[in-house]
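One structure below.
Chain naming follows the written order as A, B, C and D, and within any one chain the residues start at number 1.
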Amino acid sequence: MLLREVEYVKPGSVAEALELLAANDGARALAGGQTLINVMKARAASPDMLVDLNGLPELKGIELASDGTLAIGAMTTYTELMRSAEAKARPILGEVCATIADVQVRNRGTIGGNVCSNDPTNHLPPLMVAVGATMTVLGAAGAREVPAEEFFLGVYMTAVGPGELLTKISIPAGKKDGFAAVTLGADGTCLANAAATVNGSVRVALGCVDAVPVVVTAGSPDGIADAVRSAGLDPPSDVHASAEYRLHLTTVVATRAAEEAASR
Amino acid sequence: MTESSSTTLAPEKVEVQKGWGGQSLKRKEDKRLLQGEGVFVDDVKRHGMGYLHFVRSPYAHAHITRIDVSAAEAMEGVYGTLTGEEVAALTEPFFQISSVPGANIKDYALAVGKVRYVGEAVVAVVAETRELARDASELVEVDYEPLPALVDARQAQEPGAPVLHDDAGGNLMWSGLYSWGDVDSAFAEADRVIEIDELHFHRFNSTPLECDGALVEFNRGVEQWTIHTNNQFPGFAAIMMGPAMQVGLDKLRFVTQDIGGGFGNKITSHPQLVVCCLLARKLNRAIQWTEWRTDFHMSMSHGNERWFQETKVAVSSDGTLLGFKTKALDDAGAWLRYEPLGGVIWAQVTPGMYRWRHIELEFTQVATNKAPVSPNRGYSRMQHLWFTERIIDIVAHELGLDPVEVRKKNYIRAEDMPYETPNGCVYDSGDYARMLDLALELIGYDGLGARREQAKANGKLLGVGIGSTLDSGTNNFGQSRMINPELQFSGNNEVATVKLDIFGEIVVTLGTTPQGQGHETTAAQVVADILKCSPDDVHVRAGHDSYWNSHAGFSGTYASQFAVTGLGAVKGATEMLRDEIFKLAGAVFGGVPAEALELADGGIRIKESPDAFLPFMACGAIINANNAGLPEDLDVTLNCRYVYRPPFQVPDVEKKFGNLTLTYAAQIHVAVVEIDPETGYYEIVDYAAVDDCGKRINPQIVEGQVMGATAQAIGAAMHEIYEYDEDGNLLTPNFYDYHVPHALDMPPLATGAIESPSPFTPLGTKGMGEGGGAGIHAISAAIQDATGKTVTNSHNPYQRVWELLQ
Amino acid sequence: MNVSGERVFDAPRDVVWRVMNDPASMAKTMPGVESFDIHDDRRWTANVKIPLGLGGLKMKVDMEKVEEREPEFAKLAVKGHGVGAMMNMETSFTLGDADGGGTSMAWSADVKIAGPVGSMGQRVLQPIVNQQVQHVLSALDAQVQAAKP
Amino acid sequence: MDVSVTVNGTTYARDVEPRKLLIHFLRDDLDLTGSHVGCDTGNCGACSVLVDGVLVKSCMLLAVQANGASIETVEGLSENGELTPLQQSFNEHHALQCGYCTPGMLMSATALLRENPSPSEDEIKKALQGNICRCTGYWNIVEAVKAVGK
């Protein structure tokens, strides 16, 4: 419960936040804090400075463009996404957010924080990859657009470099999506999860099996299980699932996600 | 929408209740708790108190080669530290319950020279704030020389296994052979001998939501410690701490108000309390210790992990059980903090609910590099009853018999009650077959065939399982002599005082340390019935204070006994007070005999002329403040202390024979599971729990205990486990990986009750609350039923179920 | 946890051996090295900041070569002490001539992590370790190429 | 850092370390000990409070982040000692035993009922998913909330 000493700064603008992050090697952006604060409690990580992104209107808001593209501010909470009329344009987003942890966490946790922490068991990294999201990363040099597939680099590591911020996630129009997971109790930690989209062929992003989401494709949902098996996965073993069991679960949830996507 | 829970009574079995006893009176405790005004240990503060933080071992097994606290002590805001060397110099090792070899280990409040499990406390640091104390703990330098870790009890006695305690000459802590009846001839005349190679009961505990803690003050003038703590068995803590600290028990004052759950897990905090006491004296300031969740998981009171090996069961072809033989191997973890009592406690329920008479069990307890085990709801009996229930279902499976029929054929019958078990325990009352019928009725047993088909049509596997347990309550501590004949413990006791104060207040003081069992309410119900007043007029003091002179050697709240020992004491003290009120009134009315008087409307009056009425207020005022002129020989104080002592004999230590507990409440649970064969994922889709704890003073409180125990069983059966890797790292040190049930995980529940009053207790009640193990048995059985595969482990997460199906 | 693998370097075995037994060039292959002290040809110490994403994990790492059979086998014992983490690693490699030229290296490591960081759970740590190993190997390759005559 | 918060209508100004969690600030600095700590990983919900009307776990928020906010805790539910209908329902349905999780449960239920005055059983369970209770098995808590909803 007891964090190491840390400096706290509440910038008034994204520009100020970027300066603070660039100027301080040990600074980290604080989004919802539902992962970062916990890791700091365990003292498994201890940034020197927290740059609080809460209350920056530039990072909020959900906009639906005429072509159906959703632009979601990185500091949008799960609850805000679930309740957003615009976000219904891509129904899977709200459906998946509704199964993350619990009300308190959903009220505070943000989609930007979820993808930036990129814990292998998180829901959103595979979902973002599956729906073909584009991440807008802002730095001193200006903004970069990074496809979700290239965004995730490792556990707790993403394309957001030192002195940069994820500001926005853009998601193209679409309805034929699916998500399936086997969790530790209802709404618990994912032992295996997969997000799928059908767009002609079936594209499934697998979570929980590697440091970053793994994409497999097939002509139809029936082909997905084989695609998973031949993807050369080496999933981690932990107290809840051995590598072998996790691999098996992944073939099942991948197929179920694909079937759900195809059925819509 | 279906009700999440419903209650059914077996009407013909429930006595019509008169008075307050038997009513579901709303709890007196609730008002403060609902307003955030309870006082839990972490709410207690003192001026200038220092916050304690423990430096814990990152290694499961290692020599401590160097400890340097200088950097920590030099830090600003740090008040001081305590090391194992200091503890060893200032205290004696804790008294050991075990006979040799376990008796030879040297257990101190902090690790001395060696660490034996991850999370063991090595150094204590005290500072001005919680944060500073933890900061400073990171400056404490400890050098370790890692040793190989022993994490599997089955390897503990193999040659070359790492040895935890050189003093004990090996990892064997205690062993004993229990044999009753004529086992050999039972096996000789058996039609079938069923062999079960190995059954495993896993390691978990009840994780009370409030962890342990203390605020300890030292009064230099009288050299006495005041220990505000949530320890649930101060009597035990005191007899552990006094000799270790070489002080009389009058120097240790235990104070408790509200406790955030205990379930047995808060009995063995005496090592941490000793550290607080030593630091309070050393630093001359109040010491505040908060145990955090991760600390609790790593170091506090895990439940006993147990293997049952080479089990042989003697049965007739019709499913009649004759007897069994087995070898129980118990994993005590690194220290014997309450152990090896688990090595005899199981024997309270030796035959389970069944009539077999020929039983042999070889019990062995070993030390491993894991957190020490201590009592956990259902302590040691739960492990054994899971074993006996597994036997029933495995036998039924092997013989192709219906588990319901095998149970009914072998259950001890109502007409056999009171029933003496092969080892001399006396089951006081009960009707197990009737309970099973009620449970099956509640679950809709007859309709399950159709549901099975329906599930199959959906690609699911449906299974039903029964769990029968006994909740043996009110220990005869004489059973400890079977562990160590030297011990001078036997019987049991509990205390209550009831007094009538100046303004007529009826004040009740208990020796117990409730953690949510509603003692303030049920005690008031008992008092009100005797004094013919309203429970609202009865003021039951909240919590425990050993200054109140209302505690005895075994005072506390543990082992299913309040309804017998606690309420027995309340009844005794209240009857004494009632008789004194009669005496006083007789004198005040000028020599009116007791037979001519009666209690009514919060006072006492003359039956024939009700106008002659003396309210309790007058009684209290006369004795306490206006007593001139009362007859000299009037021996009345209106302040009555009563010690309830259950009728026990010292058991026969040679034969390991005798009555080990006074009451035997019974539970029969039925669980219906639905398994997704593709993943092993499963849900409990229906659940029924039938309880018989004799006369119920407050049925709603009793049902609450049944529900809570059931939920804990569901968590333990499906998810909860303290799993270690081969290096002795705990893999489930927090609520992320140690998954306890949440609201969405709970199945629909139907509860039922029958009442078989105990002939042996003051109120016909039985201790209860620990019967939840039934849920673990029921879920193991349901998974076996659904998969058709023998279930040999009490912990069945999705992966294990999937593996069963491969 | 145990990790192992095989890797082929496009360089003669003596070059690979030299690099792998030169503390200075080994230092360049380790993640987040901040400072480096060589005590003798068998023992050296590094102060590293292992990138854990949520903030680097500072560790003092002592390495000792416990076994050596030039030019094919070496075994190192690595002990790391950090606030909130203890690491013990035993790693060894065997060099051989790769068919098709170059040098093959069969390597294995047994990594033990204890302390709060350990409690983050293997589902997190295992991918982290795998990833760090990949970094080390590619950095090693770079060193080998640079060392080629 | 200077922090000013309004808790249950009373404004408090304090100087706090940035690293201090809101739950410790409430309990240790403001002596509002009704909210509890049951874990150290944000799972148990015993520390749940409403910050500007939003239900959060006060162990995953720094006190400094609450600067200027209006906070509701269990101590603020009932007025002059009178139990609210929700609190009464908990008492009537025996929805608490040790009472340690109760403050957090009450805050979660309060947040639910404000948005959804007559929730279904599933909606209640979903709303209480972030609050661990080890005594009751949740059944009576769900019944208590349901009863107030009707």
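One rule holds for everything that comes next: a contact is a pair of C-beta atoms (placed from the backbone, for glycine too) under 8 Å apart; a residue touches a chain by one contact, two chains touch by 3 or more.
Remember, predicted model here, so these are calculated numbers, not experimental data.
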Taking each chain's centre as the mean of its CA atoms, the one lying farthest from the centre of chain B is chain C
Identify the chain pair with more contacting C-beta pairs: B-D or A-B. B-D
Please work out the Cα centroid separation of chain B and chain D, and write it as a whole number of Å. 29
Need the CA-centroid distance for the pair chain A / chain B, whole Å please. 44
Quick one: report the Å distance separating chain A from chain C, using the average Cα coordinate of each chain. 31
Can you check how far apart chain C and chain D are, centre to centre, with Cα atoms defining each centre and the answer in Å? 49
Please list all residues of chain B that touch 2 or more other chains. 130-131, 138, 292, 294, 731, 734, 736-737, 741-742, 744
For chain A, jot down the residues that touch at least 2 other chains. 1-5, 42-43, 102, 186-187, 238-240
Among the residues of chain D, which are close enough to touch at least two other chains? 17, 19, 24, 37, 40-41, 126, 129-131
Chains touching one another, given as label pairs in label order: A-B, A-C, A-D, B-C, B-D
Given the complex, residues on chain D that touch chain A span 1, 17-19, 21, 23-24, 37, 40-42, 45, 48, 54-57, 59-62, 64-65, 108, 111-112, 126-127, 129-131
Please output the residues of chain A touching chain B within their complex, sorted ascending. 1-5, 42-43, 102, 182, 184-189, 191, 238-242, 245, 248-249, 252
Taking the complex as given, what residues does chain C use to touch chain A? 51-55, 57, 83-85, 116-117, 119-124, 126-128, 130-131
State the interface residues of chain B toward chain C in the complex, per the touch definition above. 58-59, 118, 138, 146, 294, 727, 729-731, 733-734, 736-737
Within the complex, chain B is touched by chain C residues 83-84, 86, 88, 112, 114-116, 118-119, 121-122
